[in-house]
Every structure is written in structure tokens, then in C-alpha cells.
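Two complexes come next, and they have one chain in common, chain A, joined by chain B in the first and chain C in the second.
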Partner chain A sequence: MQKIIKSIIVLLFIFVLLVFYNSLYRETNYSTDYLVGNKLAKINLKSFDDNKIYTSEDFKKSRYTLINFWASWCAPCRVEHPYLMQLSKEKNLRILGVNFKDKKINASKFLNELGNPYYYMAKDTKGKQSVNFGIFGIPESILINNDTIVLKKFIGPLNEQNLNDIKKIINSL
Partner chain B sequence: MLSNTGNFLLFINIFLSSLIIYNSYKCLKTKNNIIFKNIYQISLMQSTLVLICFFTLIAAFVVSDFSLITVYQNSHSLKPLFYKISGTWGNHEGSLLLWVIILTIFSFLFLILNKNHSKNYRLYTLIIQNLLILGFLFFIILNSNPFSSINPIPKEGLGLNPILQDPALAIHPPLLYIGFVGSSIYFSAAMASMISNYSGRLFAQSIKSWVLISWTFQTLGILVGSIWAYYELGWGGFWFWDPVENASLLPWFAMTALLHSLLVLEKRNTLYFWTIILCLLTFILSVTGTFLVRSGILNSVHTFANDPSRGIYILIFLSLMIFASIYFLFSKYRPTNDYINSNSKETFVLINNWFMMFYLITVLLGTLYPIFTDAISNNKISVGPPFYNSVIIPVVIAFLFFMAIGPQAKWIRNKFSNLKSILLILSGAIFINFAIVYFFKSYSLISNLILISSLFLIISSIFDIFKNNRLGLPRIISHLSFGFLILFIGLSHNFSVEKDFNLKLGEVKKIDDYEFALLDLKLSQETNYRAVVGKLEVNNSNTMKRRTLYPEIRIYDNPQTLTYEASIQTNFLGDHYLTMSNIDRSEYYNIKFQHKPLMIWIWVSVILLSFGGFLSLFKNAKNN
Partner chain C sequence: MKFKILLIIFFINLNINLHANELVEESKIHKNLRCLVCQGQSIADSNSDFALTLKMVVKDLIDQGKTEKEIYSFLSDKYGDWILYKPKINLGNFLLWGIPYLALIVGGVIIVFLIRKSSKKA
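Moving on to the complex of A and B:
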């Protein structure tokens, strides 16, 4: 009996230590690994201006779509805005802006001031739809192809490097 | 220059540790009961040099020597001197050096202060402690060297995270480290005790002071961390069941259980192996906590940058410690015939241990469960306050009752001759609780029970002061203050008021009994930040009291960060706590106001709790 108890104790410790070892190489922060390469589940976003609903069908028309989650109250969104304006000029890319937990009047003011890079504009007033995209905070952006497969996910404001990465992907054949 | 000095001292320390191990091993083979003089000398030199090594790092921080990566990454030339110094241990590399200091100094002090104990036991303790020191020194040199240099030398440092620039946080790590790194010495002593067959009372006497030191400092460290969270994080709470907070609480539970089981071992010479397990467990939990924090597998304000290589090293170290402990424990374990009467002080001490183990397992499960589900099923879950509150709080009620009755019991065989006074005290506690409900407001059943049980403990302890001799005073103070702690937490929780609203300059808002007015906003320029300081007037129509609070929004440049400083007015009856945050592109500010009764008494209770530990330490030192 004593031997069994001893073996159980040793096995328990080995198990705990193995789990610790395994956890070392896991992304604990914002795990985006599971999104990249996968098809976006079900897209169902309300338009910013009218009652239209955007679904996966809408994104088949363009080779690439960048889904950008933003809000007027989010300071880093201002920082990344010039990059979005540059990307809006790209031929193969359309940008979908998802206005996150924001007031319409503030969001419109923001775009009037800084320019509107968005081809489509959707809203997620309660922040519930964004959860389906694996969004934890904003700004975040997801690059998808016309099959709605996620090619890349960007957490935090886009920067010069991200801009080049996106350009490289959308201009490669 | 400082980099070379530091590295040189680290290598010298490796050499000295090895020398101590070698000499101790040689000394073990001699037949007389005397430890070589040179072992004392080398140990003293080791402690001195490790201190000089640490001062070298402090000097690098003070003179802003950015040729060291650690200084470059965690300091800035414009930072106030106080935070330059505290920045030394506010980062992973520097804090590891602090680890080694505590390991080394405790090793030296244990050697010189336990001269009346067996030679072999002391030497084995020294050898094991120095193996731990060596392990950490290699970790520092191979993976986390605070003296690593950078070339070309940067002109300016990156600065210390502003939320870490706080007086409470400057002393939080050293206090906590004395607590949980200090537990290393009774880990080593427990191993040495098993190897050298130095068991029983004498073993208990040799480690009692060290357990008291680590317990007292761990308590103070947790307190200071809570005060920091309360004042700095701006959330209005002081304990969030954050995994890293839990990591500091786990060894505390084990230490508290150990502190009590030592009493039985010292008095009755029983529970030896249980005491050994607790000694080993305390330090293993401390290293596990360090692993969780340093490897980055947990996310929290405390976690250092994510680096799996650090984690691997600590994990190997932890595995070696665990398996060495298990090996010695299993090979030395002999079933003993410890007869303990179910109605005796020993039983009550064991009950304390069961409660501590229950809390330990609960918090351990809550902390590790998300890591396990993520690793096994890829399922991310988080265990939050509702779990801990619903599991721990009801059990606290029974715990407090036992805590009040236990100390009255007699060793070996107890007779409940004091049943009458117990009932009298219980009636008093119930009466006071309902008086609070009658005069102020009612609260939930569980709150009633918490307040009654804490009052029961408080009144019992006060009675104890009058009838007990002075010998039991440290215990009475600790138990009394624990009762007060739970009482004040309970009252503060039940009577706190919270308001959350938006306000713009010049606006007045009335919510229930309170009227708030944002009178002014001023810009101020300090050495290392700029601040927007609000002037808010809070008027309580019930008490007719008018208060002015000055919350701040601070903008730090190095690194660029925005922090919200709560304005807190403290008095003996409670705190008025107010934070102000800006709403982007809006003239409104978000205001969070809280009235939290009796907050200061929560801090005072914990200080008193650790004072009991200090008093017990002095008493123990005097007796020896």
C-alpha cells in the first residue's frame, strides 16, 4: 500500500512539472496562433450607417480584406490611422473598419478629422461581435483573403513594419 | 568597470560556495564535534562579498551606468535617487541577486547562531544551503546576469515602469524575499535533519526562530504589496486573488501551519515527519511561485518579461529540489506511533494545520487550474474572486472559532471547564453584531457569521490577556489582530459606498447622499512626469461634511505611460478614495468614488499580526 502511495505522489509531481514545462512555450498573452490559417467562423456585422449586415459573401469581392477594430476613444488608434490611410490606396485590399464600443457621433468626428480609410464600415456597439474574431482590446487588425481565411493578425497599433508586411502579402501573387 | 567588478565578485562567490561545500564535507569526516574555523571565515567572506556585489549593482543604478543592460532597461538618469536605488531589485536580474544575498546571509547566520546543535546537522545544512546558492549563482551568470554589458553604451536608459515607482513597492520585494527566500534555510535544515538523523525537539528549536523571521517578513511583504495595490493601481481594492498575489500567499499558508506544528514537535516530540514535510513544502512553494512569476506563464502586473529559458532553468532547479526532497523523505520515513488525544492542544494545532492545508490547496488549485486546462485541453479559463470567496469565506467562520478555543486547551488531555465562559463570549459577540445591524444596516447571513466569529476571537483573546501569563502574549497579539483583520475587512466590505459617473469642469452632480463638483483642473510639472490635477469637492448631505480631493492623471515620458493616481483621504473612520480618468475626445472625466470604512485598521491589524511574530522571535531568542 505504501509503495502505491509513494508512486502516486511521484507521478503527481512528474505530471505537474510536465505541465509546467509544456506551459513555458505557450502564448499566454493574446494567442493568435489558432486564428491564423483558419477560416473566420461566421461573419455577421451591422453596418455603421444603415441596417445592412455584412457577411462572408461581402468579402469575396476583394482579394484581400483588412478588418480593423477601432474606436474614437482609443489613443493608439490615432497613431495607426496614417498607416490605414496609406493602405486604403492599395488596389488589392479593402479595409473593413469595425467601430468598437463607440458613439456614432464621436466616431464620425474622428473620421472627419483624420480621414476615412474604410471601404466598409461596421459597428460593434456592445463589443460582443468582436469576441468571435478573437479580439481582446483595440486596436487590432486581421488580414483575410477572399475565402475569409486569416492570413495575419496584428495586435496593437499598426506600424511601419506591419504596413510593409501587409503590402508584401497583398502584392504577391 | 562596474560590470567587470560585478562579474568578478559573482565568480569569487561561486568559488567560495564550492569551498564551503568542500570544507564542510572534509569536516564531516572528523570525529570531534568542532567545525573548522575556516568554514566560519569563508562563510563570513562569502556574505561580505555578495553584499559588495549587490552594492556594486546599486552604484551602477545610482550613477546611471547604462553600459549595463539591466540599468539601461530599468533606469533613467532623471529618475529620483530613491527609485534609482529601488530599481536595483525592481527587475528580474537584480532581484535574483537579492535572492542570493538572503540565501547567503541566512546560511552564515544559521551557522553561527546554532552553535549548541550537532556538528553534522549544521554542516549538512550548510552544504545544502550552499548547493542552493550555487544553483542561483549559476542561474545568474548563465542566464540572468545583472552585470551584462552593452556596447555601444546608450546615452539614456529606458526608465522604470511608473507603476513600480512607489515607496511601498520599493520595500515590498526585500520584505517578501526575506520571507520566502528565508524559508530556504529550514528547507536545508529539514534535509540535513533527515540525513544526519537529528530529529525531534532539538530540530524544532534550531529552526523555530528562522520560521518566525520568514513568517513575519512574509506577512509584512504581503501587507506592503496590498497597500501598493490599494494606493497605486487605482482599483480601490487591496487583494484581487491575482495569480501572483496567490504565489506569495501559498508559502505563507505553509509557514503558518509549520509555525504551529513546531509547537507540538517542541513540546511533545511528535509530528516530526509532518513538520519536515511543511519545511520542504514552504520553500518548494516559494520556488514554484518564482517559477510562475519569472517564466511568464502567468499574466499579471508582477510578471517579468516572458522568457522560457529562465523558466526552464527554474523548472530544472525546482524538479531537483522536489525529487531530492521526495527521495530523502521516502527513504527516511518511519511510521511513528504518535498518540494524540482528540481533546488536547495538539489536536487544535492539527486542526489549524488542516485549515491551512485546505486554504493552500484551494488557492493552489485556483492558481494552477487555468494553466492545466490550457495545457491539457487548450481551453482558456480564468479563476477569479468568486471562486476564492465562495470556497474560503465560509470556512473562515469555523477557523476563527477554533482559533479562539484552541489556545485555551491543555496539552495531552484537555477538559472543557471553561464552557460557560465560551458561551458568554459567544453571546457577547452575537450581541455586538446585532447592535451593529440595529444601529447601522443589515447585511447577509454569511457576513453576520463572519462578524460574529471574528468578534468571538477578539473577545476571547482580550480575556486571555487578562488571565494569561505574559508567556502567551505574542500568540494572543497575533490571534487578536487576525480577529480584528477579519472584522475590519468584513465591516469595510459591508459598509463601503461606490459611485461611478462622468463629470466635466464646473459641473455639479448629486448622487444619493453625495454631491460632487469638479472645481478645477491644473497642470503640474514634476521631475519625471507631468500631471493633470483635478480639484473635486465631495459633499455628504448626511454628515454635512465637505471634502476636497485631488486625483491626478500622470503622464510619464520614460517609458511613455499614462497612470491614474487615486486621491485618498484617510482618517480613523475610513477612506475617501477618488480616481479620475480622461475620456478621449470628450470634455468629461470618468470619476470613481469610494468610501471605504476602517481601511487603516486593516493595515494596522496586519502590522500587529506581524508584531506578534517579532515578539515571539525575541521571546524565543531570549529563551535560547
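Moving on to the complex of A and C:
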């Protein structure tokens, strides 16, 4: 029996070591990789001018849609804006801009100044709709196909690398 | 007249109790939701923009009649299990849930063995 106890203690020690070793290489930052491949359910966004409600049906018309959450008060949104302008020229892609917790007048000024890359424009005045998309800060962008399946999610401002990744995906077929 | 007064008191009391239950449930849910933009805080402890938005969403879901479990399920669908301080049991964490019980059983067996051994010696 003493041998069994000793073996259990040794095994326990090895197990604890393995857990610590494994934790050294574990990604501890919040990751949204699990979202890729998921279908976005219950899309229900009010258009920027209050005329329309956007649902999943609207995104079936284009092969790919990039949903971009932005605001005029968000400095990184200015950084990514030139990349969105470039993407707006792509044939297979439509961009949905969701104006997040912003004032309409400021948002309009922002777009007048920097250009409007958005095919669809929606607003999320209170930020509650963004939870449906798993958004926790802006800017964030989600690339979906016409079945509203998430192909890629970008946290933070889009950069050159992201631009190339998006172009690669939308021009792959 | 007395009956009417009693009735009014009853309904006021009922309303207060219902509201108190809602508050308890809401704060319990807040404590189990991780603020993703804070350092080790639940949304109950945080006043960040994200925490405030999640609190509004939780309130809406409660008003819609969703249960605590359904609210956790909704939010873990959107943000993954990382948003929950008490995640569901799955393949990745079953050891975390199982080891304390296993340790209790193994420890119990060892203690029984040691007691028996010492009583035999005596």
C-alpha cells in the first residue's frame, strides 16, 4: 500500500508539472478564433438614417460582407479608414459600417472628411446590438460570406496585412 | 376599507419582493461575467464601457424572461466560455472539475488505510 501511495504522490507531482508546463505555452489573451465558422444569428440593425432594418437577408446579395464597427470619436478608426476605402473598390465585397455609440452629426462629418467606404450604413446607438456580434471594443471587423458565416474576425484597426488577407479570401474563387 | 388598505400593502410588498429578486439575480449574473477589457474584474466590479453595455444586455434578457442559464449560454455563444467565471464542463476543463472530487476520494482511502494500519499496530 505504501508503494501505491508513493506512486500516487509521484504521479500527482508529474501531473502538476505537466499542467504548469502546458500553461507556459497557453494563449491567455481573449481570442475570438472560435467565432470563425459560426453563423451570425439574428442580425437586426437599424440603418443609419432610420429608414430600414438590416437582417441576414440583406447580406445574401453579396458574396462577402465586411461588418465594420466604427465611431467618429475612435482614433484607431481613422487609422484603418484608408484600408476600408481600398476594400470598398472590391467587386465581391460590400462593407457594412455599424456606427457605434456615436452622434449622427459627428459620424457624418467623419465620413465627409475621410470618405465613405460603406455600402450599408447602420447604427448601434446604445452598443447593445454589438453584443450579438461578439464585439467588445472598436474598431472591430467581421468578414462573413452570403450565408452569414464568419470567415475571419479582426480586433483593432485593420492594417496592411489584414487588407491582404481579406483580398485573398474574397478573390480566392 | 381595512381590506383595501391590506390589499394595497400586499401589492406594494409583492412589487418590492419581485424587484428585490430581480436585483439579486442580476447582480449574481454580473459577478459571473468577466469584463473582457479589464484586468481580472467581473462586470459587476467594472464601470468600463463594455461592462455597462453587458449590464444593459443582461437586464434586457431578464426582462425578456430568459433564465440565468439561457443568459450565460447566449453570452458564451457570442464571446466564448472565457466570458464566464464559472464555465460549463467540457472536454477542456473536465479535469478541473473532477480532480477535487478525485483527490477527496483518494485522500479518504489513504486516511482509512493509515488509520487501519495504526490501529493494527496498537
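The rule is simple: the second predicted complex is superposed on the first by the 143 of 173 C-alpha atoms of A that agree within 3 Å, B and C clash if a C-alpha of one lies under 4 Å from a C-alpha of the other, contacts with A are read in each partner's own complex, and residues count from 1 in each chain.
As a working rule, a residue touches a chain if its C-beta (ideal position, glycine included) is under 8 Å from a C-beta of that chain, and two chains touch if they have at least 3 such contacts.
Note that the structure is a prediction, hence the values are computed from the model and not measured.
By the document's definition of touching, neither partner reaches A:53: not chain B, not chain C.
In the overlay built on the shared chain, the residue A:149 is in contact with neither chain B nor chain C.
Of the two partner chains placed by superposition, A:11 touches none, neither chain B nor chain C. Contacts of A:23 after superposition: chain B is touched, whereas chain C is not reached.
Of the two partner chains placed by the overlay, neither chain B nor chain C lies in contact with A:36.
Contacts of A:130 after superposition on the shared chain: chain C is touched, whereas chain B is not. Between chain B and chain C, the partner in contact with more residues of chain A is B. Overlap of the chain B and chain C interfaces on chain A comprises residues 31, 34.
Listed in rising order, the residues of chain A touching chain C in the complex are 1, 5, 8, 30-32, 34-35, 38, 101, 126-128, 130-134, 136-137.
Here chain B touches chain A in the complex through residues 291, 295-299, 306, 308, 311-312, 315, 318-319, 322-323, 326, 330, 368, 371-372, 374-376, 378, 380, 583-586, going by the rule given at the top. The touching residues of chain C, counted against chain A in their complex, run 36-37, 49-50, 53-54, 56-57, 60, 75, 77-80, 82, 106, 110, 113, 117.
On chain A, the positions that touch chain B within their shared complex are 6, 9-10, 13, 16-17, 19-26, 28-29, 31, 34, 72-75, 106, 109-110.
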